[in-house]
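Structures incoming, each one as C-alpha cells.
Two complexes follow with subunit A in common, the first pairing it with subunit B and the second with subunit C.
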Partner chain A sequence: MSDHASEPPVLEITGLCLSYYTRAGEVPAVYDFDLTVAKGESVGLVGESGCGKSTVANGVMRYMGHNGDIVGGTIKFKGRDMAEMSEEEIRRVRGKDIAMIYQEPMASLNPSLTIGQQLMEVPIIHEGVNKAEAFQRAYDMLSAVHIPDPKRLMISYPHQVSGGQQQRVVIAMALLSRPALLLLDEPTTALDVTVEAGIVELIAELSRETGSSLLYISHNLGLMLEVCDRICVMYSGEVVEEGTIDSIFSWPKHPYTQGLFGCIPLPHADKNARPLVSIKGQLPLPHERPEGCNFGPRCGFFEQGQCDKGLIPMEGVHTDDDPAHRVRCRRWEGIDVTEAVRVDEVREPIEVGETVLEVADMRKYYKVRDRSLAALVSGGAVREVKANESISFRAGEGETVAIVGESGCGKSTFAKVLMGLETATDGEVTLDGTDLGGIPVNKRTAAQLSSLQMVFQNPNDTLNPSHSVGYQIGRVIKRFGIERDSVKRKDRVYELLDTVKLPRAFMTRKPRQLSGGQKQRVGIARAFAGNPKTVIADEPISALDVSVAAAVTELLMDIQREHRTTLLFISHDLSAVRYLSDRVVVMYLGQIMERGSTGQIFAPPYHPYTEALLSAVPIADPEVERRRIVLEGSLPSPLDPPKGCPFSTRCPRKLGEICDNEAPPLQTNADRHVIACHIPLEELREVEPVISIPDRDELHAAQ
Partner chain B sequence: MSDVPRMNAVSTPLSRLGASFAGSLRPVFLLRESPVGMIGAGIVLGFVILAIFAEFIAPFDPNATMVPFAYPGAEAPEGGIFLLGTDHLGRDILSRIIFGGQRVLFYATAATVAAYVVGILMGLAAGYFRGYLDEILSFVANVILSFPIMVLYVLIIAKVGASGINIIFAVVFASSPGIMRIVRGVTMDIATRDYIAAAQTRGEGPWYIMLMEILPNARGPLIVDFCLRMGYTTITIGALGFLGLGLPPPDPDWGGMITETRAFVSGGFPHMAILPACAVSLLVLGFNLLADGLREVSLKD
Partner chain C sequence: MVQLIIRRIGMMILIMLVVALLLFLINEGDPRLIARSILGPYAQDQQLNAWVIENGYDRSVIVRYFEWIGRIFSGDLGDSVIYKRPVSEIFWDRLGNTGILAGVTFVIMVLIALTLGVLAGMKEGSLQDRAISVFSIITTSIPEYASAVFLVGIFVFWLGWLPGTSSMTSGFDPVQMILPVLVLTLYGFGYIARMTRASMAEVMTTPYIRTAVLKGLPYRHIILKHALRNALIAPFTVIMLQINWLLSGVVVTEFAFGYKGFGALLLEAALRRDIFVIEACGVAAVFVAVFTQTVGDLGYTYLNPRIRFK
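Showing the complex of A and B:
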C-alpha cells in the first residue's frame, strides 16, 4: 500500500464541506471530511442512507447538481487541486481518470446503442484510437469481466442482457479508460445475492490486478470486508471512524460502529438467546443535527457536558496493527463499546402450536396471450407461466416460516394467492380448516380477511399518502368490527401505536412526515389491528437501513410472541431468515427446492441451490469462514423453464442429462426436511458446511 | 379541544373528503415560489373579484343604451366616463366586459367541474376494473376525441339550441373523454400500490377504494389539468358566442360582443371588438400561467 510513497496519493481530500440549498435553506450534507486513497488501494465508505456517502462521490466528480455546492476544503487528484482545474480539464478527468459506477446499470447505459458501440466510444473519444483497435479493446475488456460470449454481447442492446451482465458491462466501460480512480456507488444493491457475489468477486479481482484505486460506497458491511483494505464509517455527514478492515471489524472504537455490528444478524445471533440490538432513535435531519456529537442523542455512552459541546475532532487510536485508525469520539478511551451490544436477556422460545396454515400442492399459472399472427396460426396463442408449481408446507401457531428465494422465484405470487389478490390454479390453501385458495379477496368473509393480514415491502408504498396514520389504522379496526364506538376505536389505535413503539402524536400525522422505519411500523400496526392469526411479511425490512431493520425485526417478533401469531416471512436475505425463522422454504423458479427447519437448512445436506445461496450472502465478521460458490448464468425465463430440474441450467453439481430432462424426486432427509434433487442424499450429506463459525467463547478467551 | 384529534382519527367519509380537499390546496400555498404562477393567479383572481362584485364595480347597466359609437374616454351625458367607449347600440363596453366575465367564469367553471365529475368517474372505473369496461369506455372516448372539437360543439349546440345549460352539456361531452384518459392512466398506476392491496385485503368495496384511496392521490396532475381546461373552456365559450351559438342576447357575452361589432372594426371603431377579445386572451393567459406555476411547484417536491 505504501510502496508508492514518492508518488502523491491518487485522491486526497481534506476538510471537505458540501452543502445543498433547499426550501429549508442551506443544508450541510457533508462536513470536515478527510480521505486519502493511495495508488492501488481500495477504500470503503460505509453508512446508512442520508449519511452523505453518495454526496462525497458526487463532490469528487465535481457534480453537485443545480442546488449543491462545495463550500470548503480541497480535493486533490494526483496531487492537483481540482478546484483549480478548468471546466475543460475536469471534463477530461471525469470518465478518463475517474470513472463512476452507479447502482442502476440501466441508468448508465444508452438503450438505443449496442453495447459494443458504447464500449468502443470510450477509447475512441479519450484516446483517439481507430475503430478496429477500439473493438479489440472492448472485446478484451468484456472477456476480462467474465462475460460469456462477448462477441454476441457486443452487438446486443442493453435491455437484451440480464441485470448482472449489464453491471459487468458498466464496469467494463469504466475500466476501458484505465482510470486511476474508480468510484462505485452501491454497485450491487439492485442485484440478487447470487449475482451480487459474482460482481463483488470481480471487483475485488480487478482492484488487485489493474492497479486502479477504488472508492467503494455501500451500506453493507459484509461487502466491505470482501473488497476493501480500509473503511470509513460515516454518520450524519461526517466520518466517525476510519481504519483498516481488520482494525475496525475486530476493535471498533466508536459506539455507532459497534451499534451497526449489533444490528446485523450475524451467524451467531439468535432470536432467543442472542437477540439483535438496534440503535435507539433515528438519524437527525441535516438541519436538526445536535450540538457536539451527532450521534450523542442515540448513544448509550452519552455524557452531558462532554459529548454535547463544540466540534469533535478525529483522534488517532494507534492500535498496534493499524497506526491510522482514527475515531471521532471524546470518550473512546474510557468506554468499552462492546458493552452496549451485550444483552443478557434470554427469551423463552415460542412454543409452536397446532397447524394453522396448510398449503397442499398449490399451483398458480398465469396465462400469457401471444397476439402475434404467427402464434395464432400455430395455435400457441395462450402460453402458461408457472409462477408457483406444487407448493406444499404447513405452519403452526406461533411459528415463523421463511420463504426464501431470489427475485422471480414466485414468492410474491405465493403471498398474493394467500391474500386472495390472486386465486390458486390448483391445490389447497387451508387456513383454520377452510380452503381459501380459490376464494378471491372480495369473496372472503370479514373473519377470513382479518385472520390473515400482510406487512408490505416498500415503506413508501404501504401507506396511503392522503390519509393520516390514525385513520388508516382505525379503518382496519372499523372494517373488521372490532370496535364500533369511535372513542374506543381511537383508544385502540393509541394502543397499537404504543405496541409498535411510536408516539401517540403520530395519530394525526401524514405518511410523508414519517421516516421509512416509522412507516413500516405503522404498516405492522395496521396488519395487527385486526388481531390476525397469520401475518405474511413480504420483505418487510429489505428497504430499510440496518439499524432500522434490526428494530423493526425485533418489534415484529415481540408482537408475534405476544399474540402467538403465525408469521410467514418472505425474504431474499438469508442472514435475517436464519436469525428469525423456525422453518425455511427455499424456492427457485416457482418450485420448492428444499424445506426444513432452520437448523436443517443451514447445515448439510444442502440442496445445491441452497448451498449457492448460503455462500453468496456476505457476512460482516472476519472470523466466519465461508466457502465461495459463484453461480454461472442467469435465471431462466419463467415462460421457458428447463424441462427437468429448474436449477439444472446453473447448478454447479449437475449430474448430467437426468437433471435436464426429469423432474427431481423429493427426498426426505429427516422429519419434514425435504430436498428436491437427483443427487442421492448420502452424497449431499458429505458436502462440507458452507459457513464455519468459530466458537464464540474460545474467541473471547483468546482476546 | 379533545374533538380535534378525534376528527382526524376516526371520522366520517364526508369529513375525510373535506380534509383531503384541504390537503389538495397545499400546492396553492406553495405557489408563492413561482412568479409565473403568481401572475396567473393574480389575473384569474382579478377576474373573479370583478365577476363577484360586478354590480358594484361596473359603472353602467350593461344593457342600457346611451351614446352609440363613443370612443374610450368619452364623457357620458348623465355623468361619468365611458372608460372603454361604447358599442354601436350605445352600451358601455367596460360594463359589458365585467358582466360578460361574470357569465364566462360561471359557465366555464360549471362546465369544467361537470366534465371533471363525469371524466373522473369514467376514468376511475376504466382504470380500476380494466377488462371489457375499460375497452368500451376507451373506445367511446377515442371516437369522441377523434372528432374536430369545434365541429362537435357547433353540431351539439345547433341541434339542442343555444343556452347556458347546453354549453355545459357540450363541454362535458367533448372534454370528459380527455379527462377520463388522464384519470385512467393515473388510476392504473396507483392501483398497483401496496396500500391499495392493503385496502382490498381489509375488504373495502371498489368505490371506496376508487374515491377514497385512489382519487386523493391523483389530485396533483388533475389540479394542473383543471386550470388548463378552464382556459380551453373559456375559449370555447368565446368561440361559441362568436358563432352566435353562445348565451342568448341581449345579456353580455364576450364572444357575442366581438361578433356584433366586428363590422365596425374597419369602420374606425376597432375598440368595440378588440377589447372583449383582449379580455378573453387575458383570462386564458391567466389560467395557463396558473397551471404552469402549479406544475412547477408540484415538481419541486
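Showing the complex of A and C:
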C-alpha cells in the first residue's frame, strides 16, 4: 500500500451512481459505489457478468456512451473533482494521467493506421514532442513490452500481428505517457493461458517501474490474487465486500464472495469428494433488484425480516489481515459462510469400462493453395498444414478424457474428424468397433451419428434462433429414429429438460429468451437426445460466467454418471481439466506432447510444454505455490512448423540441435503415460513440481 | 496488389468485349435493318439486298464484330446517318462537354456529400444529423426536371441572375454551367451523403474510436485521422458508381438546359436510329461503367489495409 499518507489518493470515488437510459427507462447500472485507489496500489474489481464493472471504469473515464450518464456521487482524481474539470481538461487527463486497456485488443486498435502512428500520436498530442522523439519513445516502449523486432512492428497494421502482440501494443500505448492510473478491463480474457501469463507479468513489472496505480477488472479470482493488493467484490451495481487480498481470500465474509470461491475448481476440489457448488439463481437486472439485500434471493443465509428491508450498509469486519476489511451483509457476524459451499454427499467415482473410442495414428492434413505468383512459378502452389499428426489414445466407457493445448494446436480439427465434418487423412478412429475416420458425416448411419454427439463452445452459434427449444431437441430425437410417436417424443423432450435442470415450460421458448447458461444447457440436452455413447465437449464452459460454468460442469458430470457416457473434454482451462477429467492429452501444434492420467500429468515428470502450461494457470488460492515459467514467442505457423520437436522454438528446457532436427522419441514413463521429448525420463523426474498444494486438512486442523 | 491490378484489368477487358458483342448483335445483328436505317423507309427490297452485299454485311456476324473492334481502335467510329459526317467528329466533342459537366458536378457533389455525411454521422441522432438527413432525403426525392423548372423559376425568371439555357452558342461560358451543376448536385449528393453518414455512424461506435477518445486525442484529430479513413472505405465504391450515373443520368438535365452533351446526343440518336452513334455512345458508357467499377474495387482494396496486406 501507499507510503504517501499525506498525498491525496490517486482515485477516490464516493457515492457514484451511473445509469443508462433505454427504451424501458432508466437502468441504474451502478449505484452508491465507493472505491479508493492509493498511489502505486493495485485494486481488483470482480463480479459476475453484468454487475457493472465496465460501467465503473467508463464512469471514471467520463465516457458513458451516448445513452449513459453519471447521475450522482463524485470521482476525485488526485484530489480534484473530475466533475469540475472542463471538457478540455478531461481530454488532457485521458490518455496522459488515466489510461485504459480493454478486453479486445484487435478491436481497440484502428485497422487502417500503422501501429507506429497510433503509438506516436500519444506523446505528440499530450507532450508536444516532435516526430523523431515520438518515434523513439514509441520504439522504446515497444521494446519495454518485450516485442521482438519493434522496428517492423512500428510499420505494421494491427491485423498483421498476433493477439498477444496486439495486447502488448495496447499496453505500450497506455503506458507511453506514464499514467498515474491504469484501468484494465479484462485485459487477458481473450488470450491463451500462456500468453496471458506473459501479459500479467508484464503489467506487474511495468506498473512497478512507472509507479502507476491499477484498477484491474476481471472475473478471474486467480488472476486477482496475482496482480492485486486489494479487491472489491461487486454484486448487482454495488460493492458487497472489500479488503486486502489476504483478508478476502482467507476470511471471506459475504455469502456471495464465498459462493464465488465455491464455483472455481481449485486444486483441492475433487469431482467426487468435493464437488463444485454453483450459486443458485441469476444476477437480478438493474431495474429488478429486490427490496433489501440484492443477493437475498440467491443467498443460503437469507432471513426474512432481516435481509429484505432497507438499505444494507457496508460494515467494518477488521480481520487480522486487514483492519479495513468491509462487508455489506446484515448477518455477517452470525453466520459461517463456509457452510454454504460444503456438500457432504460424497459421490461414488465412476468405474471406467471397456474401451469405447480408440484413435490410432490419426493424421489430418489440410491442403492450402498458395495463390501468389511466386508460388505458382516455383510449383509450390499447394502446401500442407499438418493439423493433426499421429494422434493416438483410448477412452473407456464412462471415462473423461481432456484434450488441452493453446488455440491453434489442432483440438478442434480433431473434434471435426471425430464428428465426420472432416475425414482423416490417415490412421484409424474406432468407435464401438467401427472405423469412422474415413466416413464423412453424411455417410454415417443414424446409429453412428447418435452415438457420438457434440456440445459446442458458443451456445449462440449452434441453436437456431427461429425455432423453439422443444422443436430443436425433438428434431434430433426424430432424426435418430429414437422415438417416432410424437406424444412420446414430447415426453422425451420433457425428460431431457429435466435432466439438464431446465423448467419444462422452456419447451416453447426461443433461444433469445434464454441466458447463456440456459442456452448451453439446451445444447447439452440436444447432444444427449440420442443417448450417445460418447460426447465431445468443445470448450463447453469457457464462454460462461464462473457460477454458470460450475453449474454446467456439474450437470455434465451428473449426466455422465447416470449414462456412463464417455466424455471428450476439449479445453484450455487446466483447472477445469484437473477437476473433471480422468485422463489428459496435451497437444501442441497438432501433435501429442504428453498423455496420461490426470494425476500423472499434474505431477513430474512433465513434458516441458505441460510444465509451462501448468505454470501459466493462475490459481485462486493463496496457499498454493506455483513456479512461474513464461514462454517466449508465439505459436509457430502450422504451415511452417519446426523440423524437429514442434515445441523447440519456445522450449525453456531445449537441449540443442537434436531438438531442432530430430523428432522427439515417445518415452513411456508408466502405464499409458507417454512423453514425447529428447530429455531422458530420469532427468524429467527430477524436475520440481510446478504447483505445491498444502494439505488442506492439516491447515484446517491448525486453525 | 500489382497482381490484383493485372487481374482486374484483364477482367475489365473481357467484360468490355462481351458487352460490346451484345451491343453489336443488337444493333448490327440483322444487316437488313442497318440497310433500312441508312437507305430510309422507302427503299425497295432489292436496294436493301444490294446495299448489304456491297458493304460486306453478308459475312458472318463474328467476322464483322472483330472488324468493328479493330476500326474502333483505329479511331474510326463510322458515319452518322443523320449528320452525314464521321461519328468521331461529333462524338468526342459531345463527350468532352459532358465530361466537363460531369467532372465539375462530381467534384462539388462528392465534397458536399462527404462533408455533410461525416457531419451527420459524427453525432448520430443529434440535431445536425437529423437536419442533414431530412434535407438529403428531400433533395434526392425531387426529380431533376422538377428541380430544374423550380430553379430556373427562381434564378432566371424571378431574380434574373442566371441564363436559362446552357447551349454555349457563343463559346464556353462558366455562368451557363451553374444551373445544370446545381440541379445534378442536388439530386445526386443525397445518396452518397447517406451512405457516408451510415458508415461514419458505425465507425464512431467502434472500440477503436473509443480508444482514440480515451487516449485524450482532440475531437478534430479523432474525426480526421481515426474515423474518416475507415468511414470512407464503404462509400468509396458508391462514389465511383456515381460517375456512371453522371455520364448517362445527365440526359434529362442536358435536355432541360439545352446543353450539347453526351446524353443529348444519345437520346437524339436513339430516337432517330442513328446506329453508329448509338454504338459509339454505348461503348463509351460501358467503358466508363466497367472502368469505374474496377477503380472502385481496387481503391476499396487499397484503402483497406486488412485486405491489402493479407
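Criterion: the second predicted complex is superposed on the first by the 702 of 703 C-alpha atoms of A that agree within 3 Å, B and C clash if a C-alpha of one lies under 4 Å from a C-alpha of the other, contacts with A are read in each partner's own complex, and residues count from 1 in each chain.
We adopt the following convention: contacts are C-beta pairs under 8 Å (C-beta built on N, C-alpha and C of every residue); 3 or more make two chains touch, one makes a residue touch a chain.
These figures come from a predicted structure and were not determined experimentally.
Of the two partner chains, neither subunit B nor subunit C is touched by A:368.
In the superposed model, A:670 lies in contact with neither subunit B nor subunit C. With both complexes superposed, B is the one of subunit B and subunit C in contact with more subunit A residues.
Contacts of A:465 after superposition on the shared chain: subunit B is touched, whereas subunit C is not.
Of the two partner chains placed by the overlay, neither subunit B nor subunit C lies in contact with A:311. After overlaying the two complexes on the shared chain, residue contacts for A:639 are found with neither subunit B nor subunit C.
Once the two complexes are laid over each other on the shared chain, residue contacts for A:493 go to subunit B alone; subunit C is not touched.
Legend: residue contacts after superposition of the two complexes on their common chain; A:442 is shown touching subunit B, with no touch to subunit C.
Touch criterion met: A:157 reaches subunit C, while subunit B stays clear of it.
Within the complex formed with subunit C, the subunit A residues making contact are 61, 63, 66, 91-96, 99-100, 102, 104, 107-113, 121-122, 125-126, 157, 159-160, 170, 173, 372-373. For subunit A in complex with subunit B, the touching residues are 23, 419-421, 441-442, 444, 446, 449-450, 452-454, 456-458, 461-468, 470-472, 474-476, 478-480, 486-487, 489-490, 493, 507-508, 510, 523, 526, 530. Those residues of subunit C lying in contact with subunit A across their complex are 3, 124-125, 206-208, 210-218, 221, 225-226, 229-230, 233, 303-306, 309. Of all the residues in subunit B, the ones that touch subunit A in their complex are 5-6, 8-11, 16, 20, 23, 33, 193-195, 197-204, 206, 212-213, 216-217, 300.
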